[in-house]
Every structure is written in C-alpha cells, then in structure tokens.
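Here's the structure, in structure tokens; my notes come after.
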Amino acid sequence: MLRFPRIRALSKPISGPDMPEVELASRPAAGPSTRPLLRVDGLQGWYGESHVLHGVSFEVGEGEVVTLLGRNGAGKTTTLKAIMGILSRRSGSVTYEGRETIKLPSRLIAQMGIAYCPEERAIFSSLSVEENLMLPPQVRPGGLTVEQIFELFPNLKERLSSQGTKLSGGEQQMLAIGRILRTGAKLLLLDEPTEGLAPVIVQQIGRTIARLKDEGFTIVLVEQNFHFAALVADRHYVVEQGRVIDTIPNHELDANIDKLHAYLGV
Amino acid sequence: TDVKIGVLNDRSGIYADIAGEGSVIAAQMAVEDFKATDKGINVSIVSADHQNKPDVGSNIARQWYDTENVDVIADVPTSSVALAVNEITKEKNKIFLASGPASSDLTGKACSPNTVHWTYDTWALANGTGSAMVAQGGDSWFFVTADYAFGHALERDTTAVVEASGGKVLGAVRHPFPGQDFSSFLLQAQGSGAKVVGLANAGGDTINAVKQASEFGITQGGQALAALLMFINDVHALGLEVAQGLVLTSAFYWDKNDQTREFSARFQERNAGQKPSMIEAGVYASVLHYLKAVEAVGDKDAAKVMAKMKEMPTEDPLFGKGTIRADGRKLHDMYLFRVKKPDQSKAPWDYFETVATIPADKAFRPLAEGGCSLVK
Amino acid sequence: MSSGAILEAAGLTKEFGGFVAVNNVNLTVERGSVHALIGPNGAGKTTLFNLLTKFLQPTRGAIRYQGRDITKMQPADIARLGLVRSFQISAVFPHMTALENVRIALQRRRGDSFDFWRSEKVLSKFDGEGAALLADVGLTAFSDIRASDLSYGRKRALEIATTLALNPEMLLLDEPMAGMAQEDIERISALIRRISKNRTILMVEHNLSVVASLSNRITVLARGKVLAEGDYAAVSKDPRVIEAYIGAGHA
Amino acid sequence: MFELLGIPPQVLFGQLLLGLINGSFYAVLSLGLAVIFGLLNIINFTHGAQYMLGAFGAWMLLNYLGVGYWWAVFIVPPIVGVTGIVLERVLIRRLYHLDHLYGLLLTFGLALIIVGFFRQFFGVSGLPYPPPPLLNGGYNLGFMYLPNSRAWVIVASLIVCLATWFIIEKTRLGAYLRAATENPTMVGAFGINVPLLVTLTYGFGVALAGFAGVLAAPIYAVNPNMGADLIIVVFAVVVIGGMGSILGSILTGFGLGLIEGLTRVFYPEGSAVVIFVIMALVLLVKPAGLFGRSV
Amino acid sequence: MTTDTNPIAMAAITSVGAAGMPRHHLAIFAALFVFLVAAPFLLYPIFVMKVLCFALFACAFNLLLGFGGLLSFGHAAYFGMASYVSAHAAKVWGLTPELAIIAGTLVAAVLGLAIGSLAIRRHGIYFAMVTLAFAQMIYFFSLQAAFTGGEDGIQAVPRGHLFGLIDLRSSEVLYFFVLAIFFAGILLIYRIIHSPFGQVLKAIRENEPRAISLGYRVNRYKLAVFVLSATLAGVAGATKAIVFQLASLTDVYWTMSGEVVLMTLLGGMGTVFGPIVGAAVIVTMQNYLATFGDWVTIGQGIIFVVAVLSFREGIVGVLAKWIRKPL
C-alpha cells in the first residue's frame, strides 16, 4: 500500500489560530438545516445523443456547503453544468429560491445569483489578468472586494497585466475562483477548485470556502479529494452513473468511511 | 434549313452592359426582322456567359459545336476569348461573327477563313481618336493602359498613329485589370505634362478613370482626355457632367438616322431602357447578313456561306452599305463623336455630336498591312 | 542504483518579456532515480519542463542529456534520444482508438513512417505489443474505444502507455495524477513505480503523498529558483518549503 | 529638376498622399473584418458585398428619396448594419460552434447572392454618384491637387478607426466582446447576453463596411462588383496586421496604402501583388502578423 | 482559432476487406470504374474529362486539408503552373502528351517543395494566408511572364500522340488516357491515406505537440504531404491543359483556389469520395447553367448557403453518417 501522508494529516480535524473557521464547517446536518436554496429533482442531462444524467436529486440549504463526490465520469461536472444552464439538453427540475430554472438560458440563471467556476478554468487569453478578474458583472451586492481577493491569492496581484492564459495552471485556478467571488452571487458552483494546486493554496482555499460560508454564501463543491471536502462540507452526495446514490452528513463521515472508500474505489 | 446561332459573351462581368443580354436581344431582332421562318429557315438562338475567360469561352464553344449543333457563334467581346473561339471555329469549320472583340489580330496574324470581324478594332479606334486628337493640337501623349492583351494592342496601335501624325508619346503606365483606383496613374499622367492622356482600357475601367480624372482636375488643368474605347453605355453611367467634351470613335450611334432611331427604340423597349451599344448593333447586322447568305446559298455549309457573305455587299439599317474583305474585316464608315455638354442634351440618351465621319476605306487597316495569311 | 547524472541543466533561465519564469536553475537528475519537482503554482515547473524538452528555447543556460549538449536541439530529436515528456493537460489523439494511440508511438520506433505507398495493415504487427502496454495501464477493455470517449483518468493512463511505447530512457511527467480519482492514482502510482525500475523519471506533482512514496529525490522550485533539494524527509521539514509550499497544515 | 530616386518629389509626395487615402479604405474595411473575425471568429466574405451595399445605399437614398450625401453618411451604415444583423440572426448564427471554414463558405455564398442580385438589377457599368457641393473642388497643395472628397475620406476614417479601437480595447463592453469570442458559454454563464452582443458586433462590423461604401460612392463608380476583388486584399491586410488585432488592422491598412502608393510609382504593374509579397514576408518573420498575439 | 484540427475529418478505418480496403470502398471503386468506362458513350466526353481533372485536383487538395489538416488557399498555383508548363512543353517544345504532363507535374512538385517548406512553419489561418500569398505571386508571374501569353493564355495546344504512337485527337481515345491518369491518381491518394504515413498525419492533425513529444519531426511529414498534394494537383492541371488545349490565367487565380475548397467541402472533406462528388456537382453546374447569366451566380450562392446550413459534412459526409461507415 501507498502511504498518503497528506491525507492523514488533513483528515485530522484541524484547529489552531490560523484556521479557526474550519471548525465551523463541521456542523452536523442531515438534510438542509435551513430552507432549501437550491433544489434539484430528477435532473436528466445529455451530451448530444449520450444520456449522462439519469435523475439527479439533491438539495442545498441557504448557507450550506455540500459536495458532490464520485468517480471520474460519474456526472458531477455535468450536474453543475445543468444547474448553470449551459448543458444544452436537460430536463427535470432545478429550483433556485423557489423559482424553476430548467428552461432558462444561463445568463438569466447567472443573474439570479448563481456563479460557476469550471473545471477547465476558462481563463480568457485575449484578456489580461485584470480584465479576466473584472469581467463577470456584479449581479448582486455583497461580493468580495478586489483587495480581499488579492489577499486570498497574492499571485494574481503581481501578474495583473499579463495575458490571462500565460499564468501557470494553479494561478489560473485562483483567477477562476477569484473572479466569481466579486459578483455577489449567493450560490457558488465550484468544480474541483483544488485540482493542480499546491498544498498551501489548497489550505487557503479551504479557509476561503469556510469564510464564504460564514458570510452566508452557499456552495456546491465537486471534489475528488474527499479529505479536503470533509473539512469544509456539511453534507456529501455520492454521485454514480448520473444519479445521487447516497447522502452522508459530514459528522457521520468517519462512520461511513469504508462505504465511501468503496464508492470511490479507493 | 435549321440554323443554330450561339451568342457567347459577358453576362456577368464588366462588359455585360455593353455586350451581354443586349446582344442576344439584337440577334433575336435580326432573326425576327429577317422573317426567317417565312423564308423556310428555322433559326434557334442559344446564349452563354464566357466570363471574359478564354478557358470558359473555348469550353462552351467546343461544346456548342460538338454536341449542340451550333452553326455560328456571334459577339464574343474580350479579345483573348475571341482568339480562342477563332481557333476552335476554324478547327470545327463553323462560322464566327465577331462583333465584340477589339484586337485587330483577328484579321491580322490570327486571321481565319471562318471569321468575320464586324464592328470595330483597335486599329480603327487608334486611327479615329488618335489622329483626330493630334490634328487638334494634342501632339504629346501619355497612356494609362489596362495591363492585358487588349490594352497593350490599343496602346501599340495608337502610338503608331500618333507618331505617324507627327506627335510623340511621353510615357505610359499600366494598371492592373480590372482597376478601381486610378488616381495615382492619373497623377503620373498629370506629372508628365503631356497634352493628351490616352485611356487604353474599356468598360468599368474607363468609367472610373474618367470620373477620377475629373475629380483631380486633369481637364481643368489643360490636359485633354482621350478615351480610346468608349461606349454610349459608359457615357450613360458617367453622366454628362463628367463625360462632357470627351472625343471617341464609334461605328454606330442610335441617333444617326431614322432607321437607327427606329431600331433603337424597339431595342430599348426590350432591353430595360438601354440604347444599343455599337457591339449590339454589330451583332444585329452580322446575324442579318449571315441569314441573307444562308438564304442565298440555300444551305448552311460554312465554306459556301462564308464565300457568299464575302461576295455579297452588306446592307442593313444600322451600318448602311458595306463589304467584307478577304481577311474577314467588315468595312463601313466610322465616326468621331464628341460627348455633349449637359445643356446641349435635349433628351435622355442624347449624348453625342458628330465631329467627323471616317470613310470606310480610311477607317480600317489596309489589307496589306495586317499580315493575314489569307491575303496573297 | 544510480550511476551518475543522466540529465543536467546549468544556469537555465527563461524570461518572458521582462518576467523571469525560470531563474538560473541548476538541476542534476541521477540515472535510475525518480526525481520530483515540486513548488507553488507559477514557480516555473512547467516552464522548466518545456525548456528541458526544448518546447521552449532557454534565454540562457545549457542542458546536457547523457553527457551530450542538447541545448540547441529540436523537440522531436530530443524525444528520439529517449527523453520523452507528457503534458500537464492531457494529450491524446482524440479521434483514434486507444490501441491506435499506442501504435503511433510504436510505429515511430520502427522508423518507416514515411511509407505512404504501403498499406496500414503493416501496422497490425504492433497490435500485440500495444495490447500489452494497454494492459499495463489497465485499459485492455478500452482498446477499441476512441480516446475522446475515455474518462479523464483513463486518458492520462493512455498517455502514459503511449509514452512507454517509445521505451524511453527517461520520462518527464507533468502532473500525472492531476484530476484523477483515488483508484486511478493508486494504479498509476504503482505503474510509475514499476516502470521506474530501469528508467529515470522526472515528474512534477502536487500530490505530496505520491511524491513522498515515489521519489528518491525532490527539487523544490519557487519563483523560478531552486529553493531546496533533498529527499522527502529533508525537504518536507525545511521551513522555507513549508512556508512557500506545503503550508502549516502539514506540520 | 531635383529628383528623389529618379522621381520628382512632387510626384512622390502626391503618390504618398494618395496611398494614405487608399489606406483609409483599407483601414476601415479591414477594421470591420477584424472586428467580426476577432470577436465572432467568422471570416466575413460578405464584407465586400456589404461595402458595395453601402455605396448603393447612398445611391438609392439620393435617387429614390432625394436624400443627400451628408445624411447618407449617418443613415446608410446603420441600415447596412441592420441587414447584417438579419443575416446574422437568420443564418450566420448557426455556425459559431463550427470551424471558421464554414463561416467563410456561408458568407461567400451570401456574397454571391447579393452581388448577383445587384448585377441583375443594376448592371455592371456602374452608376454615377455626384459628390455633394462641399466636397467639390479641392486644395492645391503645391505638389498635388487634393480633392476635398479625398481629404474627407482620411479625416472620416481616422475618426471612425480610433473610436472603434477605443471601444474594443479600452472599455468594459470591449472586454465582454473579446471574452465572448473565446468562450461564449462561460461569458453567458456570467450573466451576459452573449447572443445579443454577437449580433450587435456583427452589425457594427458590417456597418463599418457600409460606411466605407458611402465614402467610396462619390469617388468610385457605384458598381455591384466594387467589393469583389477588394475583399481578398482587405483580408490580407487583416492578416498582416494580426488577425483580430484592432490596432493592427488600422495601422496596417494605412501602412499598406502607403506602400502600394510607392509601388505605383516605381513598379505600377506590381501594385496588385505587393500586398501579398509583404504578407508572405511578414508571416514568415512574425508568425501571427505584425500585431497579433502569438497563440 | 486554428483550422489544424477539423471536427469532421475523421476517416476512421473500419472493417478491412480482402483486398486491403473495406468492402464497401472496393464496391464503390468498382462501380465508379464501370460507370466511367461507359460514360463517354453516354455523356459528352470532354465534359467528363473536365470533371475527372477537377475531381483529381479536389482529391489532391483533400489529401492536404482533410487528411493533413492543412488548409492551403493557394492550390491554384500548382494546378495552374503545371498546366502552363505542360501546355508550353507540348506546344513549343513539341513533347508527347505524357512527357508534357510529367514536365508540368515536376514543376508543380518543385513549386510545392519550395512554397511548402516555407508555409508549413505557420499554423491555421496563417498557413492558409502564406500559401495564398505565394499563389498570388505565382499568378503575378503568370500574368507578366512572356511564355504564358498573359490574358490570352497558351492557346491551340496540340494533343499530340501518346508515347508518340497513339493519336489523341479523337476525344474518345484521349478519354481513356485521362481515365487512366485519374484512377492512378485517386488510388495513390487512397493508399497514402491508409498507409503508415497516413496514420502519422492523422496523429499530427489531432494533436501536434503530442506527436512532437513522441519524436515525430512533424514538419517533415507536413512537407511531405504538401508536396504530394501539390504534385497530384499538378497532374490534374497538366492533364487539363492537354484536354482543353489551353492553359490560362483562370487556373492560377485565387478564385480557383477557392473553387477547389468549395468542391472539397461540398462533397465532404476528409472523405475519400467526397471531392469527386463535389467536383462533379460544381463542374456540372458551371457547365449547364452558363446560359442563365447572373442567376447562375445567385444559384451557386444559394447552393453554398444551403449546403453549409443543412449538410455541412458535405454530400458524401452526410451519406457516410447515414450508413455509419466512412466513405
């Protein structure tokens, strides 16, 4: 067996003066403890002819952080895209703040206050870093200020005038997260935000998520690294073959760890 | 007898207004006026667009002769295409009634027993306009020449005339064909100090060049403009304001006599209000003459009909009396016209005043000078 | 195990406009080792890779591979010397099947790829070898699937199989585990360990557990410069590395 | 007489000035093409036809409605732009997700149709468009006579070019446009109305072509074929400048006008090919054109 | 922004039949052969020869675009130059037709080598533009050089005697000579596509950096396919000059480069048989609609618009999708 020092280190509950917020994340919850902000019900999705989502259902309460866990190709990214309205063929029901959005174009969904940070980052090469950062229009008040974003991701500040795609892979990830924090969207859909990031940054993002949660943001997180997920989420939904097959509240994670390992094939 | 005439010309390019649909109408009118059916000759007319490209033109000509039993091809503006059709017609032993093309080579080194060159040629244009301008004191020239076979020929023939009349050529500039912006060539012409700026081009090129010459004040500056090949349709497009005063050589003008007026009125009705150009007039006259020859021979065999055409004097309402020479050159009077001032023009299309008439025996290159192999 | 340096870079520098992405880096990779290159995002790891494989031209510095100066060579020629890289963003031939992907690499080794007058049937002689390589990375069941239809993890596996098909002396892997699920990580780790037996590997990787378990030597890059070098134990205790890269969480 | 390279300086300066005027047309046309290519990834082969539409628009306003040149300068470009918007909405829209070859083919086909109809109904000899009184006459600059109509072309196109450049490179709207080129889905997911943006952009690019057409009407004959061969030259200008680079296409437009002007003095026959020689040289030395971002 | 990888060029090879090609390909080749042998007795032979020349030209072009992933916008240069040289060789030097064609082809190959080695260093649209630029220079040369006859072209080229023996003046005899050239050409192209070399091309088209990292010197492969394509385009142009007894500026003008793109796309780029169909459709249209003046232009425009909007894989591409087999 391989040794995974990082995983061991991270799976201990971390506390300490530098990461106080993380503890907040571990609040127990079985279903949404608050009124559901987002409700996905029987969501179906297709890429052309291939049917990828077969009835995804889950709920996220206001101010919660939930994760979608699952193997490669389970349909996690597709679920986020369907919620965001950028999967061209979808059916079922997605309600946000009680409003049905399944038929709306993505721009109206965005204007309701949902923001998406894609797996492949989608940094614009014809825009400078600064323009990339400032691109998404503010949809609501209450987003982070540019200064707060630079505090989180100091790399960005140094490279403001570079071409967006000249940033390193990790820096691009920071930029992709940073730019949606400005918009004031209340529901953030983050697709593998820690992929390819240095551990320091991963921790920073962990702190950021906790802080965002504190400030009332609601987050749907897709993660491969469930040890990271465990630190920040209230609840985990396990996705397999286009369905949610299990729900594990974070506080029951330790008890269910073997089951989860089996799901994820660890 | 069944006769099939193919009108081959430019139906979409820069010469389409001079020799396009109008030529087909002219050919039809010739057939109607000749009352062919009454005389037992069944005439059908086909037409096609050669796009001013030799390959397209020769392709169509060959196909017409091979598969559609076309007996005679008429018109073919654009010298390069005409030369190709000339070759194929000879090879297939049919008849070519060239009205559109300008190159005097058709009755010179490329002459063919199967071809009649009807309306005009570069030699006649050079002779008409060139000598007239020199005679008026325009004894130093600068050419603005379309950079292709026709432009070169026109420049060459005009240079010869100018020099023979005692003038001299100060220079020439060749513009890409077709051109849009002539200002820089005109500026060079202006800079040369020549008394006459000769435009050795045609159609849209001439129109643009004349227009821009007026914009840059060439004529106001004291230089004269000689559009060596200009059609009434070009004048129509330019408007008299700009075109006034231009001197041009032509074989035909609609307002010459009652017969031409009568024909032109009928033609205008069928051709979207446009008066006939000299090429269209030539198509009418050449088809008419061909049909007469067919009637006279009672057969459509090319050699016999051709012999008859050359033997019989020509007579038609548009060009009057004339003859066809051994080298295939049709002879008739040519005219030197001047474009009227706007206030002189009394009616639509009232554009030209006659400056001189060049008699048929002076209008064209003497038979001996062409180098045609049919002339012994 | 080690028998001297296989790859050496001396004073390697790359500037983009005014920005120095790689700054005077000296790097020695021992023959037969698994050498990891880690460092914060934007440290210059990918750029360094690009320099070593000549996808970028260094501003200054020299590179020697097996004692030979390759600073002036073309990327394809470097691959032909047995120094082969993978990409940070998955790189397969999307409209070809998994087997065809591997065959492309096998075919290059055979060296008659200009034969435009022969039937491609001659390529079927590689099928056995190709299948074996696919089996190594657990893709046997997918050999007739087009690469574009494979999941991300499997694409990475295919990419490694393709690279191995060249039977390279030395591999440069840029974040081979990025975006992989746990099961794939374990499989690929095992694979890398196995193939490292008679090869040299230089890899960029953010997954520290993978780095720790696989590599004999680690170079830490930060802001274009070498910050520290040593084995995992030494490097992970280096306070500068903790500050710049690993973070307090790993204390 | 004092001469420069065998040419009297008067003639040389005159030619340079003419080159600049020509360059103005290149600049405005290539700017429109660059805007459309840069932002929509469509190689708009209809551009030449739309330039022609601009000239015809002015001609029709004058002849059918009696509306003069100065009104046409403001009315025609939006009208041409609207025809572009219709094309975009109905046809071009369907091709964005495809290789730009298809956009080229479609717009090429559209150009054939438009030009074909105009040839059918207006012939090809060209129609006269008298310049307005204000543009008649000109100034004697000593080395040449500069018609007002041409001086106006330089001024008008400079203004339009600079304004466009500013909007695209320096404003927020411009940033949306550039981002939407690369990844319209993501920009839409930020809450921006990308389809509208794209339609307006196409309309704007086309309006620029229409504007050039209006400028051309009093100078050249109004002719259905006037854009046909120009398109390939203008396209070369865009490429030399660097595809999608706004500033590049403007500067290159003026620059190549000048170079072409010089060629007309020293080697007139070559003036049609010089742009291509330059294009080959530039692309061999600078892979993405003079001002292009290397990929 | 790159045209290097095209979405629809995916001539994946399936079920290989006995003769080394899939059975349905074999069947199509056979049917095509039978039809073409019968064609001169049913149709105007010169017309069919024109189709064959353009079909070969389009296939040669498609080799570069559909299978090499390189969009050349200057293929008229090789087609037209070969046509001039072969016309000149037959008319002025008095070479026999097969030698004249070889001469034209060689010039196209050399030209392809010269231009290709410069152009392949650029990508996508810039590659297309470099090829266009050189083609425009070739056009300019053809316009100015004395031997091409400028606007008039080289006219009255003798068809001559094949191998000095067989008189080609009869269009029927000439036809079978052209048919042989055509078949040799497309079979060669077929083989190139389905060769080890073809596989490498495909890999390069799909992911060039990866191919480099595997040790392929991609520029050599691109150059090789460029030269092959130019050479075959030359064969087509040289043959055309003999058939029509004419070489003219049309064949070197940029619109000819555009036309071959249209033929290929209309028929189906990246398919084996598409360019043949595309060439046949376009040549037929130009041939039989020539009497309709501007309405031809309008009609052509409408066809392109409809084709792009509703069957953009091209005619054959759409058929291939229906029967789910590469064609």
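In this document, chain identifiers A, B, C, D and E correspond to the written order of the chains, with residue numbering beginning at 1 in each.
As a convention for this text, contacts are C-beta pairs under 8 Å (C-beta built on N, C-alpha and C of every residue); 3 or more make two chains touch, one makes a residue touch a chain.
If you want to know which protein each chain is, UniProt gives these names: A, C = Branched-chain amino acid transport system ATP-binding protein; D, E = Branched-chain amino acid transport system permease protein.
Because the structure is predicted, anything quoted here is derived from the model rather than measured.
Chemist: Using the touch definition up top, find the fewest steps from subunit A to subunit B.
Modeler: Steps on the shortest route: 2.
Chemist: Between A-C and B-E, name the chain pair that shares the greater number of C-beta pairs in contact.
Modeler: Of the two interfaces, A-C and B-E, more C-beta pairs touch across A-C.
Chemist: Among the chains, which one keeps its Cα centre farthest from the Cα centre of subunit C?
Modeler: So the chain farthest away from subunit C turns out to be B.
Chemist: Based on the averaged CA atom positions, which chain is farthest from subunit A?
Modeler: The most remote chain is B.
Chemist: Roughly how far is subunit B from subunit D, going centre to centre by Cα mean, in whole Å?
Modeler: Taking the average C-alpha coordinate of subunit B and of subunit D, the gap between them is 36 Å.
Chemist: Measure off the straight-line distance from the CA centroid of subunit C to the CA centroid of subunit D, and report it in whole Å.
Modeler: Using C-alpha averages as centres, the distance is 48 Å.
Chemist: Between subunit D and subunit E, what's the gap in Å when you average each chain's C-alpha atoms?
Modeler: Taking the mean C-alpha position of each chain, the two centres sit 33 Å apart.
Chemist: Return the distance between the CA-based centres of subunit A and subunit E, expressed in whole Å.
Modeler: 52
Chemist: Where in subunit D do residues touch two or more other chains at once?
Modeler: 116, 119, 244, 269, 272
Chemist: Give the residues of subunit E that touch two or more other chains, as numbers and ranges in rising order.
Modeler: 293-294, 297
Chemist: Two-or-more-chain contact residues of subunit B, please, as numbers and ranges.
Modeler: Residue numbers touching two or more other chains: 12, 16, 147.
Chemist: Between which chains does touch occur?
Modeler: Pairs flagged as touching, ordered by label: A-C, A-D, B-D, B-E, C-E, D-E.
Chemist: Which stretch or stretches of subunit A touch subunit D in the complex?
Modeler: 84-86, 105-111, 115-116, 118, 122, 124-127, 131-132, 134-137, 139, 163, 183
Chemist: Residue numbers of subunit C touching subunit E in their complex, please.
Modeler: The touching residues are 53, 55, 74-77, 79-80, 84-87, 91-96, 100, 103-105, 107-108, 112-123, 146, 162-163, 166.
Chemist: If you look only at subunit B, which of its residues touch subunit D in the complex?
Modeler: 12-18, 147, 173-176, 178, 180-181, 183-185, 187-188, 191, 203-204, 207-208, 211-212, 215-217, 221, 233-234, 236-239, 241-242, 274
Chemist: Considering only the defined contacts, which subunit D positions touch subunit B in the complex?
Modeler: Residue list for subunit D touching subunit B: 8, 10-11, 14-15, 18-19, 21-22, 116, 119, 123-128, 130-131, 138, 144-145, 147, 149-150, 219-221, 223, 225-226, 229-230, 261, 264-265, 268-269, 271-272.
Chemist: Quick one: which bits of subunit E touch subunit B in the complex? Just the residue numbers, please.
Modeler: 44, 46-47, 50, 143, 150-153, 155-156, 171, 244-246, 248-251, 286-287, 290-291, 293-294, 296-297
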